[in-house]
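Please find one structure pasted underneath; my questions will follow.
Per-chain residue numbering starts at 1, and chain names A, B, C and D are given in the order in which the chains are listed.
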């Protein structure tokens, strides 16, 4: 299969959907001639023009609300928030308006909008440009939340998100933009709500999100060399969450590790853990463990930044520990 | 001991701290002559004057930011947000500024502010005036989060919050304002980070938050009549969370139920559950269960509103189920 | 101004209908038959009526927490409104929304919202949709003086200005945001002056004069429909009742209330119609009788409607 | 204007210092020695310098993402700044903040912030503290043209206006918010006109003329210090470099950049000083030499400083 980057995959999804459906349009800061802070929409202005590739002022609340209003009227806006950290400015329009309108209005309205935003640490951008905030969105009924880890998922999920009649928060990871991976030719859709096993294994279920999937795959190689076969489950969407696939894996392995980059306390790892305990307690041979960002704002220094985010070696160590192997050692996740 | 209402307890805390320390001041919408939407600050304008009881325009982002700025300068503002639902408008200033300033600035700044807000359903105020949003705040390192369930805790925790040198989100429950309870005379402080066992019991640990504590106490009476003794642990503050008290109870009972009003998915119940699993897995004789708000916006209709929030009978039923008693029946929590 | 007597009578009827509806709601609240809170529009009828009568049926409005008047002026069905207030399954929102969230998408009411100012970005987005589809429709966005101090106002008006969107921002300055007096919450005498911050026209009219509101709205709507972009229309008015159920009216005087009540928008139009010989006491009583009957019918419809259930509510959450 | 030659030379030195610091930062970025991103102040030196030279040492500033110039103009230690940029333990934020979060509380710099507009409410709150304590201090709040379209701007300016807070809002209009041209993001010719929405004076000055900035700031500061409240001062200027590290400059022309470079604020003051006989080539070279040496020392200090550790970081999170 042809290989393209995660960024190219997102571009393909946007371009295909914009060509397919003229109700789809983009709005966000510097998405036109600049091409977006991460270059995702480079070239779109030329193809689709100013009306559909709409550069906005620095008005996150206003533009997310405008997207909700346009969606209510039957358009299908895709808003880019430059860094997910800034979505805190728009949360009212997203979570109290877009997410709730349909329900408050008694099931009448449809709000088919997508909010795209990159998150994650690792670029030295410090506390206000490096957060992982999926936990905020997951908590508001009415929103769907997608977090692709591969180019194929990025393309397929984004196309599905754009066609979905509900507000979808589509979270990209900055460190993934330039990673390549196979993406099928032609129409490629990934339904919201279906997890994927990124690597099968019998010894332990590792539920990994977004960029953690990549680290998990690396860790799996190291562990495989020691005879440990971990199964990597990528939920791909957090709402809806594919509990069945997760539980099925847990049933087979009996051991669970959950890895995400967001701060540990109140992160989605807790929710996934809780569901497994509630529905799959009897499958468990050991306590579930979470590997997550430490409960600090992301520090600027490269050295510190690396320390607050789970790394490949942390996954390896935790997996060993959970399997009672040597070398588990001290943990780095508080 | 004398009995006063939860609202009076909050008033005492505010009044005592304002008398004690002139750096303490209030700002918020309609807190002056109106006395606040729930009458909490009634009479404060008369005693402390306009400068310290500062009516503001409807500018949640601006006033929370102004509080952060004033705090950075050594003042000790207490902001009232009329309904916690509106804190989504102020989240950037709270979570990206107030919470992070100290850390970003290398441990130099102090931001001694309190954000008070009522939350919870039960008043027919519908989707945008009834949410329980503690999970948002818990996820941002740098914030502390208090959720008192009794007048004594409300008073003691609020005084502690005002004296704390960090931003504290102090969450009140609307249905508690007029409930009475004993409050010690004279200076009464409750340290942030200390749970309280609201009722001892040997059979099951019920971790309940805010108004759920009241429902839990009612449920406990019903269960006691059946010979079931549940232990009710009230964390009182979610950050810091008193894990030791929780785990100690779990060690003794082996069974855990967690109850909160916030939506189940991504609620703090998941976090508490996760910590128990991580640190106390071996104590568990049964899966931990959560009783939480159903994953819907709060509906207006009284009938529906009641159905989406855990009620006394739900607690009773879940407790029985967890103890393998008859009458567990079908659950109401999705 | 070339309004026919019929048109004027239509406005009159609308205002009386709003008044009657609100008085009945007030009454039902007192009796404890409506739970939650409501924000009554009494005293402000000329604003919604003046604006909506200048709109075409295919135009849109965006409403706010004090929304019953907007809703009725845009032609809503009183039965479904009242049923919603009583939390019934036959209500506009199947009992899920209540007073603060009535939407009537069929008639172009994009919905009320309980978060002050939050309808402004949504209305702006609706106007964006219209503009992108090159339709000749407009959106009238209602909000209060209090909302004009929220960031949502600022960001939205700027967006509409730079994109020349077909929206008219109708600020209902009823002098207070809950208890916050506009005279203390703004350091400018007229809210409409804020139009200049966005390069859009700002006009102030007597919000108790339905003809003045209608005329100013007509002008703003024409501008918007012709592609010249948004405007900010401030209507000076007053709410007679407390802000909401719990208001003890501590922040204003009886005299002030009485002075504004003496400027009743309905009486004013009635006098005008009488001068034109368009309305006499009999005709006025007939209108009054009609709308009271409509309202009573609505109450009965609501009362005998079924309560909602959560069954199938998932489909009302996700499409 | 009664500025002494010494004062003018002080301003000149400050501007040259900012320029030298920023050029070295640019160079270190190119070499990959600074990670993350930075936003350079080159071309805008007259704004921070003109404003801060009108402040007293006990006054405050609030900065933004493009903050090095503000920081230096308020008297910061270049060593600690450079150490911060290199992520070292000796930096202003112990390496935890980096370019976008330098605060220098000892010298009244309340800190930079990376979220556009977010410093405005904080500055307003600082002014509120001053006002409540009845101190004769002021806060100068720096932000860009882009920030003026954010709700934080609106809510804050209104608060400051109704409370008459001692704050001066300094809008650095460098014509672009990243790639967004001010001419397209505003439907008004001058951002300062927004002052009228809040009932506060708005003034526009040539932001490349340090004396004009100083004069206007002096006037605004006096007003604020005397209890007459805030003002909005817009300084028209330009950034010579890309917005940040990743900018390909697709949104503006080489000619435009060159035209603004021809209006260099430093050269302009230099010519003025030469005319006054306050500066000759030798003296200018000496200043240049001094600041380059300072900057080199800062780089060396930073390079040999230790990297930070997370040990004890809890105490940097919670007080």
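What we mean here is this: contacts are C-beta pairs under 8 Å (C-beta built on N, C-alpha and C of every residue); 3 or more make two chains touch, one makes a residue touch a chain.
Given the structure is predicted, the values throughout are model-derived calculations rather than measurements.
Asker: Strictly by the touch rule at the top, which chains does chain C share as contacts with chain D?
Answerer: Common contact partners of chain C and chain D, which must touch each of the two, are A, B.
Asker: From the C-alpha centres, identify the chain that is farthest from chain D.
Answerer: Chain centre farthest from chain D's centre: C.
Asker: Report the inter-centroid distance (CA atoms only) between chain A and chain B in whole Å.
Answerer: 30
Asker: So what's the Cα centroid distance for chain B and chain D, whole Å?
Answerer: About 41 Å separates the centre of chain B from that of chain D.
Asker: Go ahead and note the Å separation of the Cα centroids belonging to chain A and chain D.
Answerer: Their C-alpha centroids are separated by 36 Å.
Asker: Considering chain A alone, which of its residues make contact with at least two other chains?
Answerer: Within chain A, residues 56-57, 59, 61-62, 85-86, 89, 92, 96, 103-104, 126-128, 141-142, 296-297, 299 contact more than one other chain.
Asker: Can you pull out the residues of chain D that are in contact with at least two other chains?
Answerer: Each of 93, 95-97, 101, 113, 115, 149-152, 154-155, 158, 162, 184-185, 313, 317 in chain D touches at least two other chains.
Asker: Using the contact definition from the top, classify how the chains connect: line, ring, star, complete or other.
Answerer: Chain contacts: complete, every pair touches.
Asker: Which of the residues in chain A end up touching chain B in this complex?
Answerer: 61, 85-86, 88-89, 91-92, 95-96, 99-100, 103-104, 126-128, 133, 135-136, 138-142, 239, 262-263, 265-271, 273-274, 277-278, 281-282, 286-290, 295-297, 299
Asker: Residues of chain C touching chain D in their complex?
Answerer: On the chain C side, the touching residues are 149-155, 158, 161-162, 184-188, 193-194, 196-200, 229.
Asker: In the complex, go through chain C and note every residue touching chain B.
Answerer: Against chain B, the touching part of chain C is residues 35-37, 84, 87-88, 93, 95-101, 113-117, 146-147, 149-151, 177-180, 184-185, 246-248, 250-251, 307-310, 313, 317.
Asker: Considering only the defined contacts, which chain B positions touch chain D in the complex?
Answerer: Residue positions touching the partner: 25, 51-52, 56-57, 59, 61-75, 77, 92-93, 96-97, 101-110, 112, 141-142, 144, 165-166.
Asker: Given the complex with chain B, which residues does chain D contribute to the contact?
Answerer: Residues 62, 91-97, 101, 103, 105, 110-111, 113, 115, 118, 120-130, 132-133, 151-152, 154-156, 158-159, 162, 313, 315-319.
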